[in-house]
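Note that chain A is present in both complexes that follow, paired respectively with chain B and with chain C.
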Partner chain A sequence: MTQISPTVRAPRRRSRRARTPIVIILALAFIALITFLALFGEWVAPRGATTVNLEVGLITPTGDYPFGTDDLGRDVFSRTIIGARNALIGPLLIALGAFLIGNILGLAAGYRGGLLDATVMRWVDLMYAFPGLLVVIVLIGVLGSSYLLAVVALVVLSSPFDTRIVRGLTLEQRHLPYVEAARTLGLPVRRILFRHIFPNILPVTFANACLNFAVSLVALSALSFLGLGIGPGSADWGRMLAESRTLLFDNPAAALAPGALIVLTATSMNLIGDWLYDRLADRGRAR
Partner chain B sequence: MNGRGLLIFIGRRLIAVVVLLLIVSFGVFSLLYLAPGSTEDALLGNRIASEQTRIDIRERYNLDEPFLTQYATWLKGVATLDFGTSIRTGEPVLSAIADRSQLTLAMGAYAFVVAFVMGIGLGILAAIRNRKGADRAVVSISVLGASAPPFVTGVFLLYVFAVELDWFPAFGQGEGLADSLWHLTLPALTLAFGGAALLIRFTRAGMLTALDQDYITFARARGVPERRVLLGYALRNAMIPVVTASTLLLAFMLTGAVLIEVTFALPGLGALLVDSVAFKDVPMVQGLTLLLGAVAILVNLITDVLYLLVDPRIRASQGVT
Partner chain C sequence: MTGATQVPNDTGIPLLEAVGLRIESLINGQKRTIVTNLDLMLAAGETIGIVGESGSGKSMTARALMGLLPGGLTAQGAVRLDGRDLLQLSKREFAGIRGHEIALVMQDPFTMLNPVVRCGLQVTDVLKDGERRLSRRARHAEAIRRLTEVGIPEAVDRYPFELSGGMRQRVAIAAALAGDPRVLIADEPSTALDVTTQAEILALLTSLQESRSMGLVLITHDLRVAFSTCDRLYVLYAGSLLEVGDAAEVEAEPLHPYTLGLLLSEPPADRRLFELVAIPGSVAVVDEVADRCALAPRCQWVQPECTASQPPLLTVDPGRRSACLRLDEIRSEMHRMHGMAQVSAEAAVPNDASALITVEGLTKVFADAAGRKARAPVKALDDVSIVVGDGESVGLVGQSGSGKTTLARCLVGLETATSGNITIDGIAAADFGRISDDDLRRLRRTIQIVFQDPYSSLNPLRTVGATLQEAVALDLGRGRDTKPRVHELLERVGLPTSYVNRKPVALSGGERQRVAIARALAVRPRLIICDEPVSALDVSVQAQILSLFRTLRSDLGVGYLFITHDLAVVRQVVERIYVLHRGEVVESGPVATVLDHPQHSYTAQLVDSVPRSPGQLARSTSQTAAGSADPPSASR
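Let's turn to the complex of A and B:
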């Protein structure tokens, strides 16, 4: 009985998976590099992020200082490397927070429907057309600069996007045989939602979290650019850009390097998110 | 569509707008109480005040009245366009806003036109040349535009066109119409870049869906000229998601304008907001926030009316025929 004829093999699904495009490989490599710098930046950077050297002063890029220095003689190269940590932590927290809220609300609204669904979707619609970042600017301005507040506010502002997607996916899954089977077995709703539906929509919601990460990175750096995020003097890309904006004639690299890193990181995450989304959206559905 | 149905629709929506504005105004008024420290401190901003000034302020803003009475008094002022005076400059909030709004409006309109022409044009181009070189190029531009925050785009444009090439002025707003437009070009292009990226996305997706429909195949089979197939048949149907995108576009442009005015040191509404926020100029922040809220709500209304104009099906479902 244990011997199964090798000739009766289940037909293998034809692998139509296209080769990973070269841009995606580059994007993944870039994110890996930034993650490495976020973890080990202090050891990689040639100088400290806050080491002021007025003797060197403001210089343009040289061999010793690849991106030159800012007006306090701080090494822009080292600051950019060490800034990777601040650039990644906030967006990571925001993407994670929005992922949690979006999944809980979206699953519940999509599965239960009715009043709960109507209420949640009204809230989502309202938030969609909201110039959210402006509200955060006003709130933080009035309440006082706080990184934590910025992160929390951005979680609240990004979760509607997750909620809408999760709800749509849940609506599609709700009537599929495996959900009905689970319901027939009398499993509790929470178990059906989190053990059965959640894993099936996870690929798409994960792709969405990547897109969320990119948006949050841009939003947080905008807040630091306006002086409303991380405190002055910290190695943060948005902050560095704001402080070096006036040095554009003396050492353009001091402003362009952090700017380029914001754009490259956000673009990489957007590309990865879009790519995952295209690849996984059909798979999540076809089951 | 007859005018009466449309008027009733707009009338119904305007009532909703008033209710929403009341909610927003309540939130805006509460800003004063959200600020850390006492309300007088918030109203005094960073100034040092004697005991008498504090008493005067409590008197003037009715701070000893109950919260809702204070709100009602403030709202009455707002209804007669009296938003109070700025703590920072001492001028009336309304006239400060009026002064600064010209620049922001000019930049916004400039950027909006550029974003619309570029976004829809390139979006159509990408859809026609689906998966070919031009499509890939356009899609790359839109990914980049969606990822680049306006202040980074602004600094790069400044570096290339103002510092290296010296074609455009780096800062300032210029005098006279031509010179002002000249000064506004870089900021407006910065704002338009992100907006165009958004519109390209929606136009391309909408056109691709529309071009896939049977009526397009039939129209081509009937020998309808290609131009008419694209613009009359496909684009008209692709416009619905584009109208949806325009609300997102507005939210993006409002935030973008703030960042760009700071980047280019332009004295517009956005810069006024950032300065007032930094100075804790509560009356000014209240006025600006209420204005922004009103603009966002009105644009949503306009979008809904546009849906009706673009799509007869929505017209029918709303009972506007």
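Let's turn to the complex of A and C:
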């Protein structure tokens, strides 16, 4: 039998990979910083998040108070740092939850087809018809204000989008010869779904999870802003934005700091999601 | 094609000429060579062929001649039309020449025509640009006249989607000829078409070339097509010309090891070869062989001098040029090898093994897909009955749409038949959903499948080792050491064991197909269904895979259900064939009997559509005479 001579083979394409753009490096650095703050905020912040100091009162930024204080004399800088945890944990849970539900339902529906597919997709259609944030507001209005409830509601509301994407991608992969070969070999369905199809559609679904994170960060902040998210008094960017809107003329930094962080975090996550998609989609694809 | 056309002598100006053509690409700051030092000459009324495998640069050469190189690609050297250098022309000047002096017919008739414009208008589009604008009626009449020339006047008021692939290609040819060009470049004009249509399109091109006495440049990967159509051949490999010569002479005696390899790689349709000779390895990358003979890494006669510099294309005999340094030394040996390939092996004799697969009255109807309510359901298989014996190799032949792939998919449970019975090794397997787990496990170890497209039949993210290990684990069971068996499989299919760590992206098409075959072998099946396993591969690689199939058969005793449209391929690997036409079996029997003495008109049409050179035609008639004296064995 003829052995393939190793001197002649398809060219490797390592060198073609572009360098990481500077924007992405900045976005990654920013997310790393925010994550660090979310984990260790209490130890980093110069003052407590709820330490009231009426003697200081409401002041504009100074050297001691980089973002000034609010009407109770609380340090806005410390509150912003400590608030990162509350701001990030919700979106993270939502993105993760929607990712899990979306992938499991989407893979199953796309691969199995038939009644399961029809049922799942009608549920998706139904969820699409709900005006998302309004539903959460009504739910919280009826059941009482709860951060957990808001998170769960947003998971349920955003998972249909993931489901639809995953189902479409699964349908596409399902008819590729490598999946059909796995079926013909008699591999268990679970293995085909999670070892073969899932890794191949991951770039898209992961990028989508990043996007989900950004969207739910804004949504949760909006809920907090309306006073429906996290309890009053606790440090949270959305809540701070709401509480300091009356102070806009006295200390604009009190509202601008959390607002800017919401925008920057959401933007960074979007950029990272897009960039990851391009990178992941490239692996193994090039002919 | 006329034998009388001569290569123009050095004093006469040829119609189209390329001198020292070099094509380079500059993408992301990386410079790559696509074609180097290409000389080409076309006289009026002559047909030349540019023959090459994928990556040889043949399509880019065609585009360079047309001034249609994609962005990032540049051509140097000279392309002269009547002595006028086309490469020096401005875009505007070139636009005046394109369509009127040189025209192009492309491979894919599906994308070459504008889907929302009627065919008649597409043909006469070019004519509007003249000084006089034709009236509506005159244009319609002209369109009919033009379409009559290509044999389909009825297409004038139809849209492209209403036509078949072959008809579309005819419209595309009519459109290309509308400006009455003197040179027509046809880039793989018949490759995307069915075998029977392929022959018609080639015949049409030849007759048009003759009646208009145009120059025709035919670009193809298929030597058989080139021999049947062209006067002179340019053999291109990895961007450089390796051999140039009169088509008949090249066929009779190739003067470069590569041409010889290609010739030997192309299995003949009219006989079974004793041994399939293949060029080892896969097609080289131009820049990797820039400073040496491009074939050196794959050549059996390679010597140190071959890799010292790139050998020039030298005149060997009158009208024959070859770029082989060692031609004088190896010429007689090459001649002997070529002669040996003319000897045909004994026709394979079907054995009388017990039936492994029995298919009875299988019918598969595809209900109309959503949104196409007006269409009637498609009957892909209509009352098909076949038998495949244990260890037997059976061919399933037919053109696209004949239902051969559907049948294969029914056999492995990827599709469920509408009605009829399938029995595999005693298990009723018409509906895989109703088979018990134990039986299903046994079925999976009885039949495996290898698909056509080597690029998508492997999971792009998993290494070769992981892919094979998964299949081996199924066979050996949990917790057993799979490594030795994975290595054994790789060796069986002719791959080094170091490939376990490679991902599919680092493999060539042929290597991927080998891995796919190894995966199918992992569960030790008794039969492998091969669905067009070599049609996506380069010619030189095709023969490697075909001989691998043969070796595996003799070593392991595995049988094949070989699905293909290519009669030459099927002849080399099977004993019996079934001919499928529109979902029905129209003929069956031992492969030699069916192909040499077709009984059904459709089979005869298939056999006739295999491209043959004038030399082959003469030979096959004498063989038929000999064959009738010695009647083939009775069909089973």
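The working rule: the second predicted complex is superposed on the first by the 264 of 287 C-alpha atoms of A that agree within 3 Å, B and C clash if a C-alpha of one lies under 4 Å from a C-alpha of the other, contacts with A are read in each partner's own complex, and residues count from 1 in each chain.
Keep this in mind: contacts are C-beta pairs under 8 Å (C-beta built on N, C-alpha and C of every residue); 3 or more make two chains touch, one makes a residue touch a chain.
Note that the structure is predicted; figures quoted are calculated from it, not measured.
Contacts of A:226 after superposition on the shared chain: chain B is touched, whereas chain C is not. Applying the stated contact rule after C-alpha superposition, one finds that A:196 touches chain C and leaves chain B untouched.
Shared interface residues of chain A (contacting chain B in one complex, chain C in the other): none.
Those residues of chain C that touch chain A in the complex are listed here as 28, 30, 278, 280-285, 288, 297-298, 412-414, 440-441, 444, 447-449, 451-453, 455-462, 470-471, 474, 492, 494-496, 498, 503-508, 510-511, 514, 516, 519-520, 522-523, 544, 547-548, 551. By the touch rule above, chain A contacts chain C in their complex via residues 1-13, 15-16, 18, 176-178, 180-187, 191, 195-196, 199-200, 283-287. Considering their complex, residues 128-134, 137-144, 214, 218, 221-222, 225-228, 238, 241-242, 245, 248-249, 252, 255-256, 259-260, 262-263, 266-267, 269-271, 274 of chain A touch chain B. Considering their complex, residues 31, 34-36, 143-144, 146-149, 151-152, 155-156, 158-159, 162-163, 170, 247-248, 250-251, 254-255, 258-259, 262-263, 273-274, 276-278, 280, 282, 285, 289, 292, 296, 299-300 of chain B touch chain A.
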